[in-house]
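See the structures that follow.
Okay, so subunit A shows up in both of these, paired with subunit B first and subunit C after.
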Partner chain A sequence: MTDLPVGGAAPDASLPATLAPRAGVRAMWRRPSARRYAFGYTLLAPAVLYVGLLVGLPFLFSLYLAMSDASVGEPIARFVGLENFKAALESPTFYVALRNSLVFTIGAGIMKSLLGTTLAFLLVQPFKGRKVVRALIVIPFTLPIAVSVLGWKWMFDSQFSVINWALSQLHLIGGYGSASWPVWLGQPTLALFSVMFVNVWRGFPFGAIVLLAGLTSIPPEIVDAARVDGASFLARFRKVIVPMIAPILFIGAAFDTVFTLSDLSIVYLLTNGGPDGSTEILPTLAYEVGIRAGALGRGAAISLFLFPLLLPAIIILLRTLRRRQY
Partner chain B sequence: MMSDSPTVPSGGVNRRDFLRVSGASVAGGTLLDMLAARRAPAQIKGTTLRIIMWSHFVPAYDVWLDDWSQQWGKANGVNVRLDHIPQLELPARYAAEFAAGTGHDLIYFQGQILTAQYYKNLVDISDVADKIGKKFGGWIDSAPQLAQVQGVWYAIPDFYISIPMLWRKDLFNSVGMSDPKTWDDFRKAARLLKPKGHPTGMQFSHCNDANHNWRALMYCFGVKETDPSGQQIAIDSKEMREALQFAKAMYDEGMTAEVYSWDDASDNRYLASGVACWIHDAISAFRTTEDTNPDVFKNTYMLPEAAGPSGLRKNVADANVYAIWKFAKNAAAAKEYLLALNDQYTAGMTASRGYNMPFLKDHYKKPMPVLGADAKLSVLQDQLGITAFFGYPGPITPAAQEVQSTFVIPDVFTRVARGASIEDSMKWAVGEYQRIYAKHKA
Partner chain C sequence: MATMAMTVSTPRSHRAKEVRRHVLIYLGLVPFLILAVFPIFWMAVTALKQEPDLYRMDVVPFWFHLPPTLKNFNLLFYRTSYGAWIVNTMSISFWVSVITLLTAVPAGYALARLRLPFAENLGIGIFLTYLVPPIILFIPLSRVVSTLNLQDSWWSLVVVYPTFTIPFCTWLLMGFFKTVPFEIEEAAMVDGCGQFGALCRVVLPVSWPGLITAVIFSFTLSMQDFLYSLAFVAFSGQKPVPLGVATELIRGDVYFWGSLMAGALLVGVPVAIIYNLFLDKFITGITGAAIK
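Let's turn to the complex of A and B:
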């Protein structure tokens, strides 16, 4: 079978005008490469459709809302250009929420990396009951978020905090009502720390499991060879383990960044952004303005500020990942 | 093996059983009689009425309402489906129903009154409001603020939750005080009782109670958030500065830092635990204390609201209203349901254990159900005339709603309590009001 020249055969001049293009299509379809492409795209179509419908369309709808004066009670919205973004930038609360979002994401990300890595190295060691411990460790991640956060709310309660009670019993702080009794969700720094802590508690087992999956996929002889060559633990980790599991680490980091930056539940349930906005983050502010106050356009604009924050991080991660693959 | 028929004790029917059975029969009979008295039009027969509402803080009320709704449905040939969801989820649910153009027929705004936001998509129910108003002596003065837009009724007020002062008589007496009446009295009590381990507390946090409580103080000090039309901001005033100054002093003298972390239930626990000398909260706190700490409950008394420096009393209540979507498939049945439900005030008030304060003037005739029979609760019968809502004296416009949703008032009080200057804090708060109101005017 001979491949036709690129661009297909020239239409037969003897054919009627309406039949000429159909003949061209038929000729093109006879090419194996065209059929291969068609087959490939057909297989890809469900995934493209899925991403387009569930990610692309909502994103475009958010863009439309952010550039309109849409509100919950108005059936018709007017195009307002970048007015909603301007309105967000004029609000002092927005900058507080932006700062808190960055502190929340970066701080929690660092803590989760450290704890997740430590836990993964502990779990990769052989010990009795390792399977049980591995199963137990994912409990925070698998519990419904509302249930676990409400549990923490009780533990951080200003009056009945079990944490404070334990610290008081150990004489590390005074009794209830004393100046040293911490009000976890009431003091601005402690409140931000507390919401980050719950995010870390919930998220670091996921990091550990991701890392553990990577660690178990490394052939032990490679690590042993490095050890024989005199590489210290840190050198083995940095020069052997990390490069080998980098793709998994990057994907894990990307997921975690997205989930943390857009995490509404923990702050909403613990502090609702208070006191005085000290735990306000972009998702909670967007919810307050967009849903509770009904200004959908301005709420969507606030939430879209997450996009330029996330996009560079994801691009850098994916580019690094691609470079490592080729 | 269990028998299907109820077992009769061998010793015969005792007095308690007899009263229970006969009481239930009488109550059931009365309810059926009442339902029969108001027959709905035949065209709603065979239809379905879908209602969405919150889960009441008093679960017994939901049991009663569900039961009554089913009985009303049976009597009128309407299949009633009543969905209860947590009140914080209601606004998101309405946004979704509105966007989809389908959902429940009868909807319920709790706390966040969204009448002004959705009125273009709500049925004009002035006919229902007029009928109910005429029947029960008219609506209280603050009702239109919640239910009307440009003079048209788009909602029917159901009830409001009073948020009175709950104070400990034994503790007040221990410092030589009795019968407190003013905010100054309560501040003084907190100042004297905090060193004895009994501070007070009002939420300086992002919760609904913080929005209510600080507004009550503001309004008692003569603060107006807007003009009566709800269009012009009026918060930048001498009265607001005085209210902030008072709150700062009351915090320093009589509260602890706990209040910065409180949610809506924290003050309930504070009272029930025996720590608080007084709190400013709904009667759910009173009921919780009754159930969990009888000793404290014995000494807990109530005042509808403390008076401000000029004797003004304004209690910022939590409102509940019904509305009907324009896209509702069964608006006719929804209207009939509302008319019939408003005839059930006494039963509803009783089921709510005195929680559901009425919007209709006739229902304030003494003795009111539950309240009139309780020496401590009876003071709430004088609530008429002091009830105000968010945005006072204006209506709850979308702008007022956004001020509430973004916690501007709790935050300005928090800033001052934490030590920021009143002028700086006012500048911030007024800026937020101006920015929000300007957006809604644009």
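Let's turn to the complex of A and C:
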């Protein structure tokens, strides 16, 4: 019996997975039967149709839009081939956005893994108050993203930033108006750092919890066996723990990459791409061109440039999920 | 290693070691706790402060120097459409949950139970659509929304939010239904129920924890959206809370910080609490496939 729970919660873990099969009815489940297939595909149809019509078709439609000169006010679009992609590749703004998207995703990814790993190894220890600590630490991830970004916007205020207040009390920076007073969202490098930091703040609890789920899924006997066999801490970590939690880490990383790369709200609400385009990323650029300026075709082309960047994450996920079957 | 030490040491030194271990762990956790919780604390203090109290850099800003006030909340309810935004958010969540349950429950059941050919691949396929991000879909979907004549209405969000709640909840429910024993259905069918009857009368009643989880995620995942509402709903009275707070409380260069924080937290905190309670199910939902 390989029907282990995949997702969701077991209603009652003590329910037996298999009981003595009642031959007649059981055989009915096993045999291929036209009626059962018809029933099954009928049950599947609504979900498959919904997702097909509103995810599959729009995806194909965006390929079409990207090759047309469609705009908001213009009902009839002309086919323009790869013109929109070429136009994007010829504009310097696009390269800035692409570079920032990559810096943002990779930089934030590294910070999230470091913080998440440290936190997971702290949380995996048994200690008093662990549940409370865990519940508090995941708050950044559970708060609606637009809500928390507004909080950060206030904390990054150019004049009344509470961060600056604390830093100036510690005499790390001068007073308001002095050269060493950081204007978090107003200076190009700092602004990019700030938007990355908010992403890290939101993402590190997720990383920690995923890693924690992986660590707790390792049966202690396996680690103990390796210890008995004389494996050092490092060897146990590299040869036993890491390979065992690798699939779960891949999935967590794939999810995080997709959401980081495609998220618009942090940059849109904090800097709107500014100052002077220094925090422009592909999602904000696609929104500006596609919706604000109404050039649907151009916007669709820009957002499609995200797809090859997302593909590795999706492939990793797909391979991890499929390996489970065999 | 701690357990090894425990067995060989005397009770007293063991106790001392335990205390030291706890102190070290707490010390390690403090920076994380401050990082995670301080922004929320700061938002709450801001929401309750009087306007002049917000803009003082000469005193410790972490606490009140003028008596706390509910004025910021008043402004929300009497000078903006905050009440309408809450109603919109609730209505959107309600209809998204209905659509999600009606589609994801049968799909999850069929994938988990009926041994359909290609069930596994279909399941993975549906789940993968969860990974097609809104940023790729929002432009073509804006055409869909305008074709349906739903632009500037929260109904447009009822149509698009299931694009991510259905894949996620189908996957979640598929795992859930796999844990419901075959035997209870068989018993029902031996007693004369049809397959559909067995599903409705026996499987669904014992699956209510899974159904509630699906409803919770329809709600919390909808609350995480910003892009779709930004792109499709521009009319103030139709906005959901996150969009309304983020767009209507900023007039040009003037930020109503107190009310911004009040409006954000009033909805954000309940969502965070509910999400928090169900977070493990979310993590199992997306990673469970990797644990065997």
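In this text, the second predicted complex is superposed on the first by the 245 of 326 C-alpha atoms of A that agree within 3 Å, B and C clash if a C-alpha of one lies under 4 Å from a C-alpha of the other, contacts with A are read in each partner's own complex, and residues count from 1 in each chain.
By our rule, a residue touches a chain if its C-beta (ideal position, glycine included) is under 8 Å from a C-beta of that chain, and two chains touch if they have at least 3 such contacts.
Computed from a prediction, not measured in an experiment: that's the story for all the values here.
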Residue contacts on subunit A - larger count, subunit B or subunit C: C
First, second, both or neither for A:G273, with subunit B first and subunit C second: first
Touched partner set for A:E74, first subunit B, second subunit C, both or neither: first
Touching partner for A:F160 - first (subunit B), second (subunit C), both, neither: both
First (subunit B), second (subunit C), both or neither touched by A:Y95: neither
Touching partner for A:I291 - first (subunit B), second (subunit C), both, neither: both
Doubly contacted subunit A residues - partners subunit C and subunit B: 153, 157, 159-160, 291, 296
Interfacial residue positions of subunit C with respect to subunit A in the complex: 21-22, 25-26, 28-29, 32-33, 35-37, 39-40, 42-43, 46, 54-55, 57, 61-62, 99, 102-104, 106-107, 109-111, 114-117, 119-120, 122, 124, 126-129, 131-144, 159-160, 162-163, 166-167, 170-176, 178-183, 186, 189-190, 195-196, 206-207, 209-210, 213, 220, 223-224, 226-227, 230-231, 242-243, 245-246, 255, 257, 260-261, 264-265, 267-269, 271-273, 275-276, 279, 281, 283-292
Residues of subunit B touching subunit A in the complex: 91-92, 94-95, 98, 112, 114, 117-121, 197, 204-207, 210, 256-263, 266, 269-270, 273, 275, 398, 401-402, 404-407, 410-411, 414-415, 418, 428, 431-432, 435, 439, 442
Complex interface listing, subunit A residues touching subunit C: 3-11, 15-17, 19, 22, 25-26, 29-30, 32, 36-37, 39-44, 46-48, 50-51, 54-59, 61-62, 65, 115, 118-119, 122-123, 125, 127-128, 133, 135-155, 157, 159-160, 162, 165, 176, 201, 205, 209-210, 213-214, 217, 247-248, 250-252, 254-255, 258-259, 261-265, 268-269, 282-283, 286-287, 290-291, 296, 299-300, 303-304, 306-307, 310, 313-314, 317-318, 320-322, 324-325
Subunit B-facing residues of subunit A, complex: 69, 71-75, 83, 87, 90-93, 153, 156-160, 177, 183-187, 191, 271-277, 285, 288-289, 291-296, 298
